[in-house]
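Residue numbering begins at 1 within each chain, and the chains themselves are lettered A, B, C and D in the order written.
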Amino acid sequence: MVNLEVNLKGLSLKNPVMTASGTFGYGEEFDDFIDIDRLGGILVKGTTRHHREGNPYPRMAETPSGMLNAVGLQNKGVENFCNDIYPRIKHYNTNILVNVSGSTIEDYIETASMINELDRIPAIELNISCPNVKEGGMAFGTSCVSAASVVKAVRKVYNKHLMVKLSPNVTDISEIAKAVEAEGADSVSLINTLLGMAIDAESRRPLLSTITGGLSGPCVKPVALRMVWQVFRAINIPIIGLGGIMNAKDAIEFILAGASAIQIGTANFIDPQVTVKVVEGIKEYMIRHKVQNISDLVGALEIQ
Amino acid sequence: MKKLVQDFEVLHREELNDEHFTLEIRAYEPLPEIKPGQFVNVLVENSTQTFLRRPLSIHFVDYEKNSIKLYIKRIGEGTKKLGTLVSGDKLNLVFPLGNQYSIPSSSKTLLIGGGCGVAPLLYLAKHLKEAGNEVTTILGVRSAIDAVEMDAYKAYGRILVTTEDGSLGDKGYPTQHSILTNENFDYTFTCGPEPMMKAVARYAKEKNIPCEVSLENTMACGFGACLCCVTPTKTGNKCVCTEGPVFNINDLTW
Amino acid sequence: MVNLEVNLKGLSLKNPVMTASGTFGYGEEFDDFIDIDRLGGILVKGTTRHHREGNPYPRMAETPSGMLNAVGLQNKGVENFCNDIYPRIKHYNTNILVNVSGSTIEDYIETASMINELDRIPAIELNISCPNVKEGGMAFGTSCVSAASVVKAVRKVYNKHLMVKLSPNVTDISEIAKAVEAEGADSVSLINTLLGMAIDAESRRPLLSTITGGLSGPCVKPVALRMVWQVFRAINIPIIGLGGIMNAKDAIEFILAGASAIQIGTANFIDPQVTVKVVEGIKEYMIRHKVQNISDLVGALEIQ
Amino acid sequence: MKKLVQDFEVLHREELNDEHFTLEIRAYEPLPEIKPGQFVNVLVENSTQTFLRRPLSIHFVDYEKNSIKLYIKRIGEGTKKLGTLVSGDKLNLVFPLGNQYSIPSSSKTLLIGGGCGVAPLLYLAKHLKEAGNEVTTILGVRSAIDAVEMDAYKAYGRILVTTEDGSLGDKGYPTQHSILTNENFDYTFTCGPEPMMKAVARYAKEKNIPCEVSLENTMACGFGACLCCVTPTKTGNKCVCTEGPVFNINDLTW
């Protein structure tokens, strides 16, 4: 039989399929649709030190083969997560990762150290790339110096698997990846959303309350694939690839480009069962192509 | 109430007037219990401009036929495409979504709908009647030609119409209907354009009776996963798709 | 009647609709389909100092709501342009702009000074952003220093309208725009293609001979609009907006975001008559919205 | 030859076997002159995965009916969607595109087609016959069931078949047909999978007779604007859509 297991520097996944933060709630929202325990891992909502109301309505606009969002990290804060949500979801028999966001280094440190105490959370994903927060959430991810500084600070207080989520809104993503690798990141996930904008020509108004927002969905897949490929050749820690994955074929493309595991985001909105279908599709691909271990496909793009 | 992703089969599309049509669709599995005010999220296939699903209220449920009826206004690509479906076509739904209107008992209830906001009111009227309430529905439309499905409402109570051009019923907006001054009600329920719902809310506040409104919003998922559909409430931002679409006006910042 | 005329710092267009370089050949390819004289201007193919064979086959891959290309500036060189092509196309009664590309500053200088001599070419578009050339074509557009240096050098030898085409593959496009404005650019056009990649999961091969290529089409529109909006608030010279424009509605969106004129690229492949339809559609919009001058719409996005 | 963008109306779709079908489409305006080897670029509407047009060879032209016939193999989204069109549907074409096969006179011509590469050969056979040539066509297919439209070819000359499984005609590939060793020809024309065309080219070079092949490529525009469709030739990269799709093998780097 084919072996879908993935080992991300100590974090082991039963298969390479995870969910993308902010698109999968706390997992519970999908209980009616799928058996979450069949996934390699789930990334829960972006979590911050303090409660955040997020941005005003409207927060969403459809775009060609994609969508823009301006949720703005609405969440009840890390304490609420630890006390109320964690007890409710820790029963899942899959890896639960918390996406940690912040506006200051202190925020990140506080939040990460609180999550560090939770037995059933084997890893965090450090979100240094959210484009929807005014006070610097994205700025951290757009320069090597600031990206390194936040990873360095969090590394000191967080001793499990530290995944760092990179912003695609940069000139050279592999430089940023190298900088966070150097500070002890265990893996990198990419890409977060591309900064975009939508306008209603008739009303002459922006479609989002924040004017600009984060672009996701199949439209960003070519950019995401390119970045995974670039980063793969630049660093030695594992890569988690995402951006527009809608089916197993897309997932395989990311793996061939260099991703050890993948995340599925926007596709969950269109088909809440997509994640388990992708697990099955990857299996089917491996059987058809006589690939024994999924790891054999990682970065296996053939270039003459 | 478990949410499902299922294929349905189109039984029948009925054109009501230039803009509106109903689509009756049958499930292959027995339908779960569906409450008035709930909605479905429909996948529009074979269309280049509909990446996300389209939320649509449940207009009616026929458990015997195992079918749901949708009441749809042609707006853009998605709803226009739905308006080309024919008997036998497939339609994929995520459903049933959202909360529901409250069902009082032995009360005098007033339902006010405008535009395609009338969609959830028919099924609500049925439930209200079955719970022993007296039902009065006012539909506000532009012109006589838009006053459709009158007989359906009649089955569950009294049906009144206002038209903007005065071609049928009282002239004006539904909140200007004479019955609002001539009679008293215990409950009011509304769905339609926001200005209309706000007028109904004002009326309810004046009369000091409960008022429930059904809000629309931009939705990506429809089941609470994306937080794209919030509306401000007195207790902070709430998801229209899970904590609504039905809200008591007392909870809103209106 | 509505007035569609646009004045781009001295370069006057009969309407804001131009074509994007590399997607409109030398104009002649469209003679069968439209009356080119009805356009505000045409941007001819990327032209370099020397003949270029371009990249090997395959050069194209379809993507969700877009395409990747890896043409690689195939052209016969500027001398051939001046001697053979220019005489053939100079009869067009519209603005013919030459897209000038290069690998070294000397290349740009040489090419620009030869084009400077052509009477019927009122402007060049300096392409410092082509992602398909290995030797630095894009590098110029991805740092303020190098962008400034090439504009400065070309400004000295080119004394007509100097439009500079910006790369979207940067962290902060408004910084680059400011840098080229400071060196005397008369206008900026944006965006060039986003760097992307496509993979065939079945064959495990990249779909382009160059592995990565330039993404264009509606999928990039949200990013392009956002960049036009950002640059509009950063500089004072006119902006020419492009990226995924398929119809008049899209064009209006770019104008509202701050573009004085627009270019249409990929859409020409799908409907070779799209450009004149957009001119008509803009007219119709202006009549419907009672807008007298197209310039009244530039940057007229309403923000509460 | 002026290129046009025009809507056509589907007259008829004929399923030839599991994979292949023909689509006969009628122009609303009188058709321009169309040469054998030319192609059309078709807009596939109502499909999320076909952003660009799809190039398809012109299989046949009926000036009396003012119609064009396409011969299509179901490959992906685009061709599958075309395979659902029914009489009365519209189809937008950019056409006629590309160059053409040479038409000699009073010669013994050999046409070799494989897969959906047979598409342009029928119309070529007609032109060759009309110019007074003797026409022999060999179709290479997998199995007897794939040997379709035999009668159509027969109208213009001799039709021979090779099947990979030996279920009809000679067993093997079309270049292994016995006629190639038993007879001599003056001209050869081919269209199909590249390995097959290369085998035909080798045969032609051995026999020292002219050979024209029709190449495929990834196309964005189809009319020379994008330079996405180049093929290397002895005189540099050439556009398959304007300088081809038909090339004399002497010009290629094969």
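The criterion applied here is as follows: contacts are C-beta pairs under 8 Å (C-beta built on N, C-alpha and C of every residue); 3 or more make two chains touch, one makes a residue touch a chain.
Worth saying up front: this structure is predicted, and the values here are computed from it rather than measured.
Across the two candidate interfaces, A-B and B-D, the one carrying more C-beta contacts is A-B. With centres set at the average Cα position, the gap from chain A to chain C is 34 Å.
Once the centre of each chain is set as its mean CA position, chain A and chain D turn out to be 47 Å apart. Chain A and chain B, compared by their mean Cα positions, are separated by 36 Å. Put simply, the C-alpha centre of chain B and that of chain D have 55 angstrom between them.
Among all residues of chain B, those that touch two or more other chains are 48. For chain C, residues that reach two or more other chains under the stated contact definition are 63-66, 217-218.
Judged by the touch criterion defined above, the protein chains form a single closed ring in which each chain touches exactly two others.
Listed by chain label, the pairs that touch are A-B, A-C, B-D, C-D. Partner chain D is touched in their complex by these residues of chain C: 22-25, 29-30, 32-33, 45, 53-54, 56-67, 69, 71, 74, 217-218, 266, 268-273. Chain B makes touch with chain D in their complex at residues 46-48.
Here chain D touches chain C in the complex through residues 2-5, 43, 48-53, 94, 217-232, 236-237, going by the rule given at the top.
Touching chain A in their complex are the following residues of chain C: 63-66, 68, 142-143, 169-172, 194-199, 201, 203-206, 211-212, 215, 217-223, 225-226, 229, 244, 249, 252-253, 256-257, 285, 300-303.
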